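Each chain carries a letter (A, B, C, D and E) given by its place in the written order, and its residues are counted from 1.
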Amino acid sequence: MSLKIDVVRKIYARQGDTPERVLFEGLSLELADGEVCALVGPSGTGKTSLLQMVAGLDEDFTGTIEGRPPDIGYLFQTPRLFPWRTARQNLELVLPGRVERAGELLAEVGLAGSEDVYPQRLSLGMARRVALARALAVEPKLLLLDEPFASLDTATSKGMQDLVSAQLQRSRPTTLLVTHHWHEAAALADRIVVIDGSPARIVENRAVLRPRAAE
Amino acid sequence: MSLKIDVVRKIYARQGDTPERVLFEGLSLELADGEVCALVGPSGTGKTSLLQMVAGLDEDFTGTIEGRPPDIGYLFQTPRLFPWRTARQNLELVLPGRVERAGELLAEVGLAGSEDVYPQRLSLGMARRVALARALAVEPKLLLLDEPFASLDTATSKGMQDLVSAQLQRSRPTTLLVTHHWHEAAALADRIVVIDGSPARIVENRAVLRPRAAE
Amino acid sequence: MRTVDLRSGAGWQGIVSILLFICLWHISALWAGSRLFPGPVSVLSSLLQEIEEGVLPYHLAITLARVALSFVIAMVTGTALGIVLGRFRGLDRWLHPWLIILLNVPAVVIIILTYVWLGLVETALLVAVAANKIPNVAVTLREGARALDKDFAEVAQIYRFRPAVTVREVIIPQLAPYLLAAGRNGLALIWKIVLVVELLGRSNGVGFQLQSYFQLFDVTRIIAYAAAFVLCVLLIELALFAPLERRIERWRR
Amino acid sequence: MRTVDLRSGAGWQGIVSILLFICLWHISALWAGSRLFPGPVSVLSSLLQEIEEGVLPYHLAITLARVALSFVIAMVTGTALGIVLGRFRGLDRWLHPWLIILLNVPAVVIIILTYVWLGLVETALLVAVAANKIPNVAVTLREGARALDKDFAEVAQIYRFRPAVTVREVIIPQLAPYLLAAGRNGLALIWKIVLVVELLGRSNGVGFQLQSYFQLFDVTRIIAYAAAFVLCVLLIELALFAPLERRIERWRR
Amino acid sequence: AGEMPTIKIGLLRFGTVAWELDTIRHHGLDRKHGIMAAPVEFATNEAAKVALQAGAVDMIVTDWPWVARQRGEGGSFSFMPYSTAVGVLIVPQASRITDVSELRGKRVGVAGGPLDKSWLLLRAFAKRNKGLDLAKEAEPVFGAPPLLNEELARGRIDAVLTYWHYAARLEAAGARPVLTVADMIRGLGVKEEIPMLGYAFREGWASEHPEALKSFIDAAREAKAVLASSEEEWKRLAPVIGVGDDATLDALQSGYRAGIPHRWTGDERRAATRLYDILRDIGGEQLVGQATTVDPGTFWPAVSY
């Protein structure tokens, strides 16, 4: 089943001194089942907000999101690990009944040896990798990735891209990937959507032609 | 006066389930007055830790930091804005007696119109730009920048680089710049230092040849 | 800002809710039909009578003054102590048992000792109340101080905030929920302790009146005095705590 | 883990600190030389005598049982209420005035009413204590619930944690400092209320004994009973609160 | 008039002492004897004791066993009589209890706690005359007097041993007295009328103001005489007493009159000493502390009639 995003209007109401902000006014996007879509756009246009809406975390807008599966993996823009749980325990929490997977996943994101570290004692890059592992751990049917490779050095970033790529090949989740780097988008996505403006609109929406799409 | 970093040994002690970690063992670096040094290295090697030590926030190591001026600007890896103060008020806090500068700075980082927004209602990229503005606001003699251009789209990132570049030209602070992108390092730094390994050592330390250095 | 205040203020729900409470009270009193459970009407008439005679205003004013003074003393000292203990783990290890002891010594023991040592004077009352309440505030604020975010403290250190600025802009906002909890509980607790202290050694105040009417088992008057104080607290709530609360709500996501 | 427990535990400082307290007490009692300020030696001998006669263990056990039961009731109900009010702003607007009223009704009024209505029985005591303490817990935990991080709640929602898991893994850890504050203050407060409730209408318990000795002005025995309870609390501290506290400290930076 | 010594008396707002003091002041009996009697109101008996200890008042009304005990522990207080009325054992109108022996297995409300003098005397009385140990064979319910009155009215206890002025209210409402403390004392073989309650004061203060003390006792006895004879006086006092209905006022009036002590000589003092032994035997060390016998100074020697 395809994912149909149809936002008629999304407003952040005035609150305290924060002024009102009309974020979207008519924004539609349809993702085929298993399609990987890169979402690109300037800082502050509403990429994260859109992901929250797609994930069902923000229902305060007019419009509809159709075809959202129950299994979602969401890499938030900040790691959001539970600080009172070690890296391993954070993964175990989303892997009930399969806790041995936690160690394997941590090794895959290059954190073998740091399994028992509490999040506040991880470097930011390490914490984001744990969060990435968590998003992939649930083998979701809908994968939302908010800048998965930011704050990582080139080599680590490459490794993570390969990891995500492998998972996309394997379980083919419908994916929305926010990124600021065209090469990341080109490497992973079937389609690139650019949003811009205030209220934000889709200013570009084009397919990526590459081997995988032809498979 | 030059900044002399001389770390004999830095250990994060075992704490709770978190195992002990020997971070540095013999790491020396000297920065000439006004020199801009890019610090590069894989995620989790200790770049942030080194910045904390240089800033004087972490004094729990054997070794010395000499020549640290009192005026420091530090862009932390996370924004660390006070959530109970709007973007503008966050800047005003570090600008006693020059509060009108706050508005100008916000405009310079592209946040005109978002002055009265509380940080938790800013996008991550916006919050990081406010934090960058804060680090530059104090016109420091020592500037520590922990991945200043991460989480920003290409255009905004370019704008911020120009802003930092202008400030470096103008007030010539001694600068340590953590980055994962060689082009950023090349554009701004006089020297690139690469650290790697556990415990981390300087594996590369070379000057960047470019017009500015010749000025 | 004005719209916000109206929207998130106590607003009409608060007033309706109090009216509802009074209605429920009225109905259950009618239903019970006992002189030991007077309804709001007879309480109000007792209240008015006591006001007319000038007794209630006199005793209430005295008690309010005592509560206010003790409240300020206990909150300031307790907060300072709590922050210090929360920040300096070494000191806390030493003082923690003392705090627990002071926290659990029955009010009556403290009251007897202070009255006997300082005499039946106003200072003794203030000391007794403060000694009773300070540890409570300190225990709450200590948890708050421990939960303070190091990240923010480091920002304050780097940008060399003056101590006063650090307290006002960095520490207090983080402690706000703890201060609110300690403040609300504190007001209630201090008022209750003042009552006990008054009945054990003062010749005026609401506590003295309550006990006197207790001996006559005049439940209506007892409730009238309680109601008068509760009314004052509801006003303080409206004037002090509610605006503070709104300030916190302003910046939360 | 074992090393950590030793390092951050109450440890030797706690014991030394208590000994120091007793020394100071001894010296000031000597210096005062008044029968109204007995030193630790005479208190201890009274204590031993009361234990020998079996009176103190009997009354202390009864009071401890009452305190324990009321504590559990008040903490569970208060926490649940606090979390609900903290999360559902609409409901809070309606119930907040009721909470403030209940918080500020003098203990003695609640006690009288429950005793009169339920008779001088054990249930009345439990109801009176719970009604006195629940609003305090609720007010503290409500602040905690309001400060809950939405970020974590969203993670729990996305990964579809079962409600029990969400409570245990997401909510409780964030509320821990509030729970600790409410717990410590709660224990102390409940004990103090139980004393009052006992002295007004029960025929056993520490409060009842205190009242009897108060009538005789036997300050030594009064302090002996207080000391016995404080000792119990120090043990509870060691066995319950201190380990909880250490668990929090483990993950903080 | 400015020269007149002032005596501060700690009392309860609605207590019996307040009535007497109001009579003294209303009729100017204190000024007539060259003193000023100043009432200081407290909310509880304990508060008054604290005030006496702290030196905030010169005199309070309490029982002499308390004085004896304090003396045993170094508190040099002394005593002179105020009233022989203390407690009354009272049962509901419909109750079939007519004698102490019928209290076996019953719930008996007791005001003031297990070391209260009335309760100890009742226990001693029951034991000596009926062979009944009330502490074990009845079920005492200790509580605050107003609450106990309520319990009795609701039939949740079978009898109550309470202070006479609380008992008077119950009587006015129809309850029936079974035994007074005066009866108990007689039943224990003490023939003299012993005033259990009296004015307690610091010895040091009394030796400094012997005249004032004497004047006060004279004024107080004159007030008692007024209260013993005049009905009008009680009508006047009604608001001070805090009662509305005549039945209660009547009951209080006769209760008060019955408690007026008429003799205070060596006989009574010696009898009190014997009574103390009885109390000590049943109340134990918890009651008497270190004072195993009555110190002679317990009863202020300069006052007798």
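Here is the rule we go by: contacts are C-beta pairs under 8 Å (C-beta built on N, C-alpha and C of every residue); 3 or more make two chains touch, one makes a residue touch a chain.
Everything numeric in this text was worked out from a predicted model, so none of it was measured.
*Asks:* Just to be sure I understand: going only through chains that touch, what's the smallest number of steps from chain A to chain E?
*Replies:* Minimum number of steps from chain A to chain E: 2.
*Asks:* Quick one: how many steps at least from chain A to chain D, stepping chain to touching chain?
*Replies:* Counted as steps through touching chains, the separation is 1.
*Asks:* Quick one: which chains contact chain C and chain E both?
*Replies:* D
*Asks:* Report the chain whose mean Cα position is at the greatest distance from that of chain A.
*Replies:* Centre of mass proxy via C-alpha means gives E as farthest from chain A.
*Asks:* What chain is the most remote from chain B, judged by the mean position of CA atoms in each chain?
*Replies:* Farthest by centroid: E.
*Asks:* Looking at chain pairs D-E and B-C, which one is connected by more C-beta pairs in contact?
*Replies:* D-E
*Asks:* Based only on mean CA positions, could you tell me how far chain B sits from chain E in angstrom?
*Replies:* Taking the mean C-alpha position of each chain, the two centres sit 82 Å apart.
*Asks:* Just the number, please: Cα centre separation of chain B and chain D in whole Å.
*Replies:* Inter-chain centre distance comes to 48 Å.
*Asks:* Would you kindly tell me how far, in whole Å, the mean C-alpha position of chain D lies from that of chain C?
*Replies:* Distance between chain centres: 18 Å.
*Asks:* Taking each residue of chain A in turn, which ones touch at least two of the other chains?
*Replies:* 15-17, 78, 118, 121
*Asks:* Which chain E residues sit where two or more other chains touch them?
*Replies:* Those would be 46, 53, 144, 150.
*Asks:* Among the residues of chain D, which ones contact at least 2 other chains?
*Replies:* 36, 112, 116, 214, 248, 250-253
*Asks:* For this structure, give each pair of chains that are touching.
*Replies:* Contact pairs between chains: A-B, A-C, A-D, B-C, B-D, C-D, C-E, D-E.
*Asks:* Can you list the residues on chain A that touch chain B in the complex?
*Replies:* 12, 15-19, 40-44, 47-49, 77-78, 86, 114, 116-118, 121-126, 129, 147, 150-157, 180-182
*Asks:* Tell me, which parts of chain C touch chain A in their complex?
*Replies:* Per the stated touch rule, the residues are 1, 3-4, 249-251.
*Asks:* Under the stated contact criterion, what part of chain D meets chain A in this complex?
*Replies:* For this pair, the touching residues of chain D are 151-152, 154-155, 157-161, 165, 169-170, 173, 248, 250-253.
*Asks:* Per the contact definition, I'd like the list of chain C residues that touch chain E in the complex.
*Replies:* For this pair, the touching residues of chain C are 36, 112, 115-116, 119-120, 198-203, 207-208, 210-212, 214-218.
*Asks:* Hey, which residues of chain B end up touching chain D in the complex?
*Replies:* 14-17
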